[in-house]
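Chain naming follows the written order as A, B, C and D, and within any one chain the residues start at number 1.
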């Protein structure tokens, strides 16, 4: 019987990689998750604790996938603390995926927003000329720089890191780097995932210059399947219509970059 | 979506053929029913009246099927009285089918038990040498004789009718004719459907001579799918294990030819 | 005459007979407009309480192998006041405001907060099967139902619907009490209390352990409730539970419902389901030569 | 230690934990033997009454589009006396005799008729949802339940099980009453009252209009009932409702059932289902390192 993506599958964590003091990658075997499209996510059950939406991280081993989680509140800390040999439940993949252009591409990621970007890198053509911008608060929090370089070995590419405090790479917000890049280069596609304000500015920078841009949004998610409504942003449901939206569409959304909803569904400012 | 054979499909009766004063054939369009195997049956819903098991009769028009019903109690009389343009519900096909041998074949049918025999005739090879024995009480009740001859146009064949009162064809019970035939000819297969006693004797005649024989049994049926148990005969469930059983198997069944169960499930003698 | 999808549920008039059920995608006015444009005849809001509620932690929803969903979102909602502010600009979308509470005063207070809103009806959730002190725990208490319905009817001229479900008190008694207290219509049914256990980790999956079953599995149960209510009482009924095709909707009309709600079908077929059902109903009406939904309501009781 | 499928339900010992539910293929001793050989741990007979009953006219069973069945066979059965005669020769097959009746004397009388039979247990059907004056109409009346259970317990030393379902009285109260009156075990649940209407002919499909929903749709409901009973009372439980895979069976064990029954799964997967489930449970036990079913009973309540 084919697996119904809405039914929870239990997998065992096989490897835990510390990316930074607060970010870990948990690797597990699952054919379906190893083949998701860039931008797709899973609902991840940490038994007895919570269930969270997580982008599906790549693994270098075939048939495997991973989650890269930053410890934050109780739920993500629960996932962060899962040990090798422990079980978690997964359902999905959910959501649409990035529409990958060819030519000069700009990928912008912050924190765990880099996860879908890494998977996107596994889909580029060898002829594509790729620039990856990685934003972080400080040196400690930089990860996936080496991975990005490794994945792009056979491509013309640049991987540039910026830190807010300048402790590593260029100093300043990654969105300033974005602005600089789109000013100089006519990209064929810009892709962004990270904090909403980073995505908002990146979309503005690219879209206002007529450059094709897509962002993968995050919202509170309960069901992941378009029932509960908790992930709405304007009239869009992130889990079902997204998570990936075009700049064109986002520029007309009243809530993107301005509001999100909390667990009770109350609009809060970013 | 493919049709689930357990879900009732509503069809409209398009033609009604009077076979005898008490037997009618009701023709309707239904691709699935037009292609059932010989021996298979349908559960037929007469809205507001009852639901009955019925062998699926052939029709000369493609994409069509029929039921040939003898009016008896309230349920079958309800079906008998359905007019052209009225709707009935059907589910199925249910049950297994005859295992058709090649060579010299003997088909024995009584009354509406001829229905699966007619369908069997549409599956024989042109080289098969076929004898059809039709039993009836009296001349009035003979039907499908012409049809059998027509279906066997291209085969070496004989169609012999016997009536209990001798008012048509040979006089006597059809089972006496069976006995005579199996004595003279080493048939490759014998197939029978009709009153239980006719089937019992036919099975005995053939099986005792080492001739392959199959009978299609009738029992009270409520569900048709192996849930309710009302169709049991010994440890067999007619709807699920049958309706077609081999002589070998039947000769070991304690109830075949002797008992059947009434609507309350009480064993009654034949 | 061309068939027409309009229907009336007692004093409530709708252009189309299939509504969005409460709790499904039900927290944003923008989403409501989108659903209305997609063919919903009305939208029912998430059940609102006097205070904002976060609801239960995840997992709050579970997809059942045999079909359907079990949810225990725990009535998370932004609270009636916030919600009223959000829908104030609305003019076009028929919005039915669903309310939960424990005492009559809760409902009275919330209805005041909607004074400046265009509200098509209120739906009193007397039937959520997984939150303490509200929902079914209210619906199962006939005295409380009486007080709440009476109070609400005295607080507003907007039509009031009671939503019932399978609880510890027989729902037909709850319906009877609501009718005696002046209710305008009944929605039947809510989700059915259920559970799922993971065999690997050996624990209930939902954080709340128990949740409510919705979707195809409950359709035969919901249909029987509608038929039973319409056979026993003379009250407009909104059928709800497992509806996902036009045939399902028509079955509910034939059983006595004058309109229907759906939720879970959206999780399986997304929001196109409204127009698919509308189209199917229209074709059925053409075939049967009906010009109005009304003509088919309750026909199955005649046979 | 090799895992072993034996289980005990209070005083009842079974070699294998999956039984045939009442009313399924349940009228012939030969069929019982066949099912036992196919892996059933015990068979429950069709519910028997003091007199033979023909049951309702067809259609008596309906296959639901979303899965499961609705049946209203109307408790057709050959009567306890005929039935007792039929099973008298039985020595090997663990047979649980299901009984329906309206008054304590009905049950008393039938139990006498089984005096010469090897009966593993009696199961009192207090929960059939579609026949007047018996089944749920009895189960919904606490006084009557008390009288019947007390009478039955005084009439026999064979263990007695009460089978409950969703009626108009809360089933947990029925369970409580049965326990106070001395019942040995509880089977939960029976079918859930339901209905299906044909949109073409616009009439209820079953001749009795209402029937009981069984199969996959009711599994989440049944599981919650078992969990609720085992959380509230200390009584052996037989889980029943929608079980069709070994995972389903294990879920019921984890919720607190010490054995399970199944019926509808036979309509979908035929009688191989018993051995499929037995094999799956054994593999699960090996993986989890259990030697007895007992070790997993109720584990989901610990989390």
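Here is the rule we go by: a residue touches a chain if its C-beta (ideal position, glycine included) is under 8 Å from a C-beta of that chain, and two chains touch if they have at least 3 such contacts.
The structure displayed is predicted, hence computed values, not measured ones.
Specify the chain most distant from chain D by Cα centroid.
Here the answer is chain A, farthest from chain D.
Measuring from the mean C-alpha position of chain B to the mean C-alpha position of chain D, what distance in angstrom results?
Each chain's C-alpha centroid was found; their separation is 36 Å.
With chain centres taken as the means of their Cα atoms, state the distance from chain B to chain C in Å.
Between these chains, centre-to-centre, one finds 51 Å.
Do you know which chain B residues sit against two or more other chains?
48
I need the residues of chain D touching at least two other chains; which ones are they?
Only 65, 203, 303 qualify.
Using the definition of touching given at the top, classify the network of chains in this structure as line, ring, star, complete or other.
Graph shape here is a line: each chain touches the next, no loop.
Taking the top-of-page definition of touch, could you list the pairs of chains it picks out?
A-C, B-D, C-D
Under the stated contact criterion, what part of chain C meets chain A in this complex?
Contacts found on chain C: 23-28, 30-31, 33-34, 46, 52-55, 57-63, 65, 69, 71, 73, 76-79, 82, 86, 198, 200-201, 203, 205, 207, 263-264, 266-267, 270-271.
Show me the residue ranges of chain A that touch chain C in the complex, using the header's touch definition.
4, 6-8, 10, 43, 45, 47-52, 75, 87, 89, 91, 222-223, 225-230, 232, 234-235, 237, 240, 254, 261-267
Could you please specify the touching residues of chain C with respect to chain D in the complex?
64-68, 70, 166, 168-170, 172, 192-197, 199, 201-204, 209-210, 213, 215-221, 223-224, 227, 242, 247, 250-251, 254-255, 284, 296, 299-300, 303
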